[in-house]
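Think of it as A, B, C and D in the order they're written, each chain with its own count starting at 1.
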Amino acid sequence: MTVTGAKDSTVKRRLRLGMVGGGRGAFIGAVHRMAARLDDRWELVAGALSSDPERALHSGADLHLRPDRIYADFNEMARREPRLKDGIDAVAIVTPNHAHVAPARAFLKAGIHVICDKPLTTTRQEADELSRLAKETGLIFAVTHNYTGYPLVRQAQAMVAAGDLGNIRLVQVEYAQDWLGTRAEDAGNKQAEWRTDPARSGPAGAVGDIGTHAFNLAEFITGDQVAMLAADLNTFVEGRRLDDNAHMLLRFSSGAQGTLWCSQVATGQENALRIRVYGDKAGLVWQQEDPNVLTFMPLGAPPRLIRRNGAGADEISRAASRIPGGHPEGYLEAFAQIYTDIAEQIAARLESREPDPFSLLVPTVEDGVRGVQFIDAAVRSSQRNAGWVEV
Amino acid sequence: MTVTGAKDSTVKRRLRLGMVGGGRGAFIGAVHRMAARLDDRWELVAGALSSDPERALHSGADLHLRPDRIYADFNEMARREPRLKDGIDAVAIVTPNHAHVAPARAFLKAGIHVICDKPLTTTRQEADELSRLAKETGLIFAVTHNYTGYPLVRQAQAMVAAGDLGNIRLVQVEYAQDWLGTRAEDAGNKQAEWRTDPARSGPAGAVGDIGTHAFNLAEFITGDQVAMLAADLNTFVEGRRLDDNAHMLLRFSSGAQGTLWCSQVATGQENALRIRVYGDKAGLVWQQEDPNVLTFMPLGAPPRLIRRNGAGADEISRAASRIPGGHPEGYLEAFAQIYTDIAEQIAARLESREPDPFSLLVPTVEDGVRGVQFIDAAVRSSQRNAGWVEV
Amino acid sequence: MTVTGAKDSTVKRRLRLGMVGGGRGAFIGAVHRMAARLDDRWELVAGALSSDPERALHSGADLHLRPDRIYADFNEMARREPRLKDGIDAVAIVTPNHAHVAPARAFLKAGIHVICDKPLTTTRQEADELSRLAKETGLIFAVTHNYTGYPLVRQAQAMVAAGDLGNIRLVQVEYAQDWLGTRAEDAGNKQAEWRTDPARSGPAGAVGDIGTHAFNLAEFITGDQVAMLAADLNTFVEGRRLDDNAHMLLRFSSGAQGTLWCSQVATGQENALRIRVYGDKAGLVWQQEDPNVLTFMPLGAPPRLIRRNGAGADEISRAASRIPGGHPEGYLEAFAQIYTDIAEQIAARLESREPDPFSLLVPTVEDGVRGVQFIDAAVRSSQRNAGWVEV
Amino acid sequence: MTVTGAKDSTVKRRLRLGMVGGGRGAFIGAVHRMAARLDDRWELVAGALSSDPERALHSGADLHLRPDRIYADFNEMARREPRLKDGIDAVAIVTPNHAHVAPARAFLKAGIHVICDKPLTTTRQEADELSRLAKETGLIFAVTHNYTGYPLVRQAQAMVAAGDLGNIRLVQVEYAQDWLGTRAEDAGNKQAEWRTDPARSGPAGAVGDIGTHAFNLAEFITGDQVAMLAADLNTFVEGRRLDDNAHMLLRFSSGAQGTLWCSQVATGQENALRIRVYGDKAGLVWQQEDPNVLTFMPLGAPPRLIRRNGAGADEISRAASRIPGGHPEGYLEAFAQIYTDIAEQIAARLESREPDPFSLLVPTVEDGVRGVQFIDAAVRSSQRNAGWVEV
C-alpha cells in the first residue's frame, strides 16, 4: 500500500486540552478524548469532568490528570488555567445541551479557545450570544458536527463546489436510529434520560440530537442554505416528552429542494446518516455506516465508487486520511480530524502563520447557530401543522 | 436446487388475450406481452394495437395475429370479439393514460374482463365511472401496479398483516429515475413526449407515472391508507409542462407517518423504487433494483436477509416464484405474476371454482381509483403550497 | 425509461420446438420452456417428455400438446417429426446427463437441430461422437451453458476481447451452493437422487453439475483455455457417491492463473456463481446472484458499476436485454437469450441470410466437449492427489 | 446510542513503549503509534527509530521524545532502558522483516516484552530461536497479526469454537491488493522496494507480506491448523524477484479443506482480505474492507447481519469495541485492540493479577512461528510444482 497521510504531529508541542463534562460513564466525552489522542496533537491536562465533586475527582484520576488540574467547577478552571504557565490551549465542552452555554461563555471570557458539542445551545438567544462573544474575542470556537470530518464528506463538498454535479436540484438527507424505539429513558439509560428531557435537551428531541447533524451535513456539502422548511414532528413512544421522529420538506436558497428525515424509532437502524445530492450533471451518495466509499453518478455514465484515500480520492479527502484505501477508517478517525484541524488552527496562531486551509473546514460557532435556528424552525413549523417557516 | 414453483399451466386451455395499444415501438405493450407469455396461461389472439390503421396492421402481423383479429379500432374489437366462438377472455389496455377510459368502458360493456395500465384515468370522474361499471358488470378489472407481483413484496405485505412488524410507525417510500433529467421530450423520445404532455398524461407527470406506483406499494404493503398528504411538486427541467419531481409528507389512517419522493430527474438513478417500513417490533426494506432480497430487521436482533424462494421465504412469496433462490427473477417475472393471477381468477370463473386466494392480490380497479385520488390530492396540495389535503 | 430491446419476434413464423425429457416434476425442462416462450420465437409442439408412457401423456396434455405430437419414445419422435409438414425445427434435450447422447444422436441423424443440456455427455467418447456428428450433419448443436446468455457476461467477454483489461493475469471463478449439504438424495429429492448417482450423473457430482458452468464461464469471458488444472475433489456428506466439493488450481494457455471452486455443501450459498478477472490494465467482477451490474475496475481509477441496459452498457449487452436498466432481468431472461439466439441462427438458415453475429455467442457442441474434458481432467487430477493434468 | 466499551484506561499508569524502526516516512510504525495511543494505555517514551543516526534523531524529535530517549542503535536502547527508573515496559519492532530478529533477541535478553511486526523472521531457524527465547524468558511476545483485533473476527472465532457452524468443512480465505501491479519498486516507492527485495523481505513476497495474514486469520477463526498445502506461486510483473501472487489448496488437520489466494497484482483491489468458513450447520463471511458486519448463514434460515457492537454482537466482540453499532470502527481500532490487550497482559503482571481472558487472544510468538512455517511450506511446494507439503 502507499504510504500516505500518517498523522504524526510535526508541531513543536502537543496542545493542552481541558474538558468540561465527560466524567465516568459519559459517552461523548470519551469519544472526544479518543479523537483528541489519535493524531497526537493534543494532551488532556485539565478537567471539570462532573458537577459532582467526587465524581469529578475520580474521573480525573482515571484519566491520569494531575490532581491540581482536576476541578470540581468549570468556573474555577476558567479562572485558574489562563494563569498557569502550562495552562490549557482549548477547552472541550461535552455536557448535555443545556449546559453548553455557561462554560462556553466562561472560557471565551477567559481567553480560551472553545470546542463545543452540538447543538450549540437550547435557545436562539444563547446561540447568538456565543456567536457574538466568539466574534468579540476573536477566539476559535468549533462545534463538533463531527460528520464533516469524514474524508469523503469533504470530497463531496469539494465536488459540489467545483461544479462536478452541476446545478444542485435535490437533496435527500436522513438520519435514522432505533435506540429510542422503546422507553429507554425509564430503563436506566442515562443518555436516553437527558436527551428526552426538555430541561436538558432543549425544545427538540431527535431533531436536536441528530436532525441537526443531518441539517449540517446538507448545508456543508451543498454549500447552500435551507431557506424554508415544513416539518412534521412526532412522538411515537407514549409518554415521551420530546419528538422522536421528524419528516421535513426543504427548500434551499438556490432553488434546490429536498427532504430531511430524522428518527430515533426506526427499528433496525443503528446510525444511518445518509445523504444524496442530485445535480443536473451528476448525483452522489454517501452513507455514514459505509463511510469509505462515495458513489458518484455522472449523467449517462456508470456510477463510480470513489474510495477513501484510494483511486478517485482528491487532495482534500487524502489530507483527512491516515491510512491507505482498503484500510477502513471510521467514526473516530473522522472525529479526530476535527480535533486535528482545530489544533492546526491554534498552532498556526501560536506560530504566527497561516493555517492549512483545509483545517478551516471545521464547523464554527456560526454552524452551531444554524443548528439552533434549524431546531427552532422545525419546532415552529410543527406547531403550525407543518406549515412553511424560514430557517 | 429445489424444484419449486415451475409455472407450467395446468388449466384446461390457455386464455385468450386481446390488446389495445402496444403497437410497434411501444414500450409497455411489449412488457405486457412478455409477462402474459412467460407462464403460458395466455395467448394473444387479437389486437387494436394502434389508432393508425396501417401501423395497427403491421403490428398485428409482427405478433402473428390472424388478419381477421387485427383491428383498426378498439370499438370494433369490443363489438366483434364477444360474438366469436374463440373470442378473447380479457383485454389489456396499454395506451397512454388519457386513452384508458374509452376502451375500458367499451370492453366492460361488452362483457370482457379488463387489464388496464396505470394510472387508471386522468380524472377522478372517469376513475369513478370505471369503478362503478366494474361493479355493475361484475367483471374482473385489474390495474397493473406490477410491483405488487414481486414475491417479496407480497411477503412484506403478509408479514405486516401478520403483525411481524408490530404497529407500523413509519413508511418511507421513494421512486427515483433520471431519464427525464434533460428535455428528452424534445429529443424524439416518444415515451417522454406523451408522459410530459398534460393532454395525454393527465394533471401530473412524475407523480402520475411513478408516484402512483410508490403510493400503491406503500398502501399494499402496509394494508393501510394514506389519509392526508402534503406535497411539494416541482418542475426542474425548464419548459416542461408537468412535474418531474415531488416530495410529500404522509399521514396514514393508522397514525403512521412517512414520506414519499418521486423523481425523474435524480441523476444516476435508473428505476430506484424502494420502500422502508418500520413498526415497533421490526423494520423491513425492499428495493426494486435488488428484488430478490427482503431485509427484515427485528428489534434488537440482527437483520435477516430473506431471499426469494430461499431460506425465510414464506408460502405466499414461494407461490409467486418460478425458480429456486439464487436464480434471480426480475421485473418481467413480477409482471408475469400479475397476468398469471388474473388468468387464475378468470379460469376459476370458467371452471366454477374458487380461485387460488393468492391470485386475489392483484390490484383492482379500486387500487386504480386510489391512484387517481392520490394524483388529485398531490396536485391540490401543491397548489396550496404543500398544505395538507385528504386523499 | 428508454424503449430498448423489446423482444417481439419479427420473423415470419415462430419456430417449432420438440422436447425430450422435462415431464411433470422436472426442473430444468420447465426452465427451458419458459426460456423458449419469453421472446416469442418458439412454440413447443411436440415432446417425448418422459420414458414412462403414462407420464409422457399427462405431461404433454399439461402443456397443451396435440395428442399426436406426444411421444412415449424419443426415437419415434425423431423418426416421425421430420416427415410432418409442420415438424419440429429443433429439439431440446433436458434429460439427466447419461440420457443426452442417445436422443442427441437420433435427432442429429434425423436432420433436426439440437439444444442439449449440460454436461454434454458422461464420457469423452460420447462427447466426441456428438461433436463429429454435428460437424458431419452441419446442424446447429447448442449446449445450454445458459450463464453466457446474461447481457453483462457477454459484455465482460467483449471487454476482455477488446483489451480493456490488458493482459489477463488472474481468473477466480467459483460456484457455491448448499442444497446438497445434507443427504438430500435420501430424502426424496429427485434432483438430488440422479445428480449424486454415477450411473445417471457421470463420473463427477458438483464438478459436472456446476463446475462445468464455472469452467465454461471462465473460458467464455477470457476467450482463453484452461491448459492444466490441479483438482482436489472431496465428498463431505457421508455415503455420497460423487464429489460435492472441489478446489482447483488453474493454468491458462496464455499464462494466466487462477482457481476454480465449486461446492454443493457451502452452507448459506444459494447459487453463487461468481467470476473475477484481473488484467494488467483493469479487473472485473460479475456475480450471478446480482447479474444486473458488472463492476469494472480500471487501474488507478474508481471502480465503475456498469448496469445492464443502462449507462456503460455496450451494444452486445444491450442486444441481449429486453427492458431498460433498473428493471432487473434475471436467470430466465438470460436463458431466454440462448433460445432466442438459437432461433435467430435457425431462422437465418431458413431465410438464407447471415444470422445476427451476436447470436453466434451461444455455446456449441465444442463448448460441451470442453466441459466433458474438464470433468475428465478434474477426476483424473483428483485421483492423482491433485497433480497437474492437461484439460 | 448505547454507551458501551469506551476505552478510557483504568490502570494505574500508562505503560511505557519503545519503538525500533518507524522513523520518518515509514508506514507501519505510524500505524503502531496511532494504535498505541487510541485507548490511552501507552505512551511512547523511547525509540531507535532509524539505523541512520540523523534520521533517528529527527524522527524522535517529531514524536516529542526526550532527547536522552532517542537512540541511534537499538542495542544501546536495549542496554540502557532496563536500567532507567522509568524505562520502557515493552518494545515495538516495526522494521523490515529481516531486521526483526536482532532487536527481538536483544530486548528479550534485556527482559523487555516484545511486540513484533509480521512475518516474525525470514527463516525458520530464527523464528524457532525467538520462540525458544520467549519461552525461556517468560516474557510477553506479541506478533501483530492485527486483523485478529477486529471485534467481529473475534466473534467469528468464538462462534466456531462454540459449535455454531457445526463441523467445519470449507475455508476460503483471500487477500487481494493491486499496489504492486506495476514495477512500483523502481518508481521510488520505499515500501515496494524492500518488500520485493529477498534480502529484506525474505524468501517470499506477497506470500510473506499478506499471505501470512490470510493464513493467520484462517487458523485463528477456525481454531484449526493447516496440515498440508499445495501452492502455486507466481511473479506476474517482469523483473520482480519475489512472488506477487499465489494460489493454494489447503487441507486442515480436522479434514476441512479450502483455498488461499493472496495477490498484490489484482487490479482494482485495495486491501481485500476476506474469509468464508462453511460448516455443516452454518457458514460465515467476513470482509476486512467492510469490517463492521459479520454475515452468519445458518442452514435453512435467512443470513443474519451481525453488526459490531450492535444486535447480535456477543460479549467478546463488544469488549473489543469502543463505540456503538452504526458508528464504524476500522483498521486502526482493530490494531489498537491488539495494543490494549498487550497492555492488559502487562498490567496484570505488574499488578499480580490475572489478565482479562479476552486479552489473551493477541497472537503470540507461536503464531509468528506458524506464519514463517507457512511461508516456508508455500515456497517449497511451489518449487515442487505445487506438490503437497506439510506446514
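Assume a residue touches a chain if its C-beta (ideal position, glycine included) is under 8 Å from a C-beta of that chain, and two chains touch if they have at least 3 such contacts.
Remember, it's a predicted structure, so these values are computed and weren't measured experimentally.
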State the smallest step count from chain B to chain C, taking one step as a move to a touching chain. 1
Taking each chain's centre as the mean of its CA atoms, which one is farthest from the centre of chain A? C
Between the Cα centroids of chain A and chain C the separation in whole angstrom comes to 55
Chain A and chain D, separation of their C-alpha mean positions in angstrom: 33
Distance between chain A and chain B based on Cα centroids, please, to the nearest Å. 44
Using the touch definition from the top, which residues of chain C touch two or more other chains? 269, 303, 307, 310
Per the touch rule, the chain D residues reaching chain A in their complex are 1-3, 6-10, 13-14, 25-27, 30-31, 33-34, 37-40, 62-64, 177, 179, 189-191, 269-272, 288-292, 307, 310, 322-333
Residue set of chain D touching chain C in the complex reads 165, 169-170, 172, 174, 178, 181-182, 230, 232, 234, 236, 245, 247, 249, 251, 257-259, 261, 263, 265-269, 276, 278-284, 295, 297-299, 303, 385-388
Which positions of chain C touch chain A when the two form their complex? 296, 300-307, 310-312
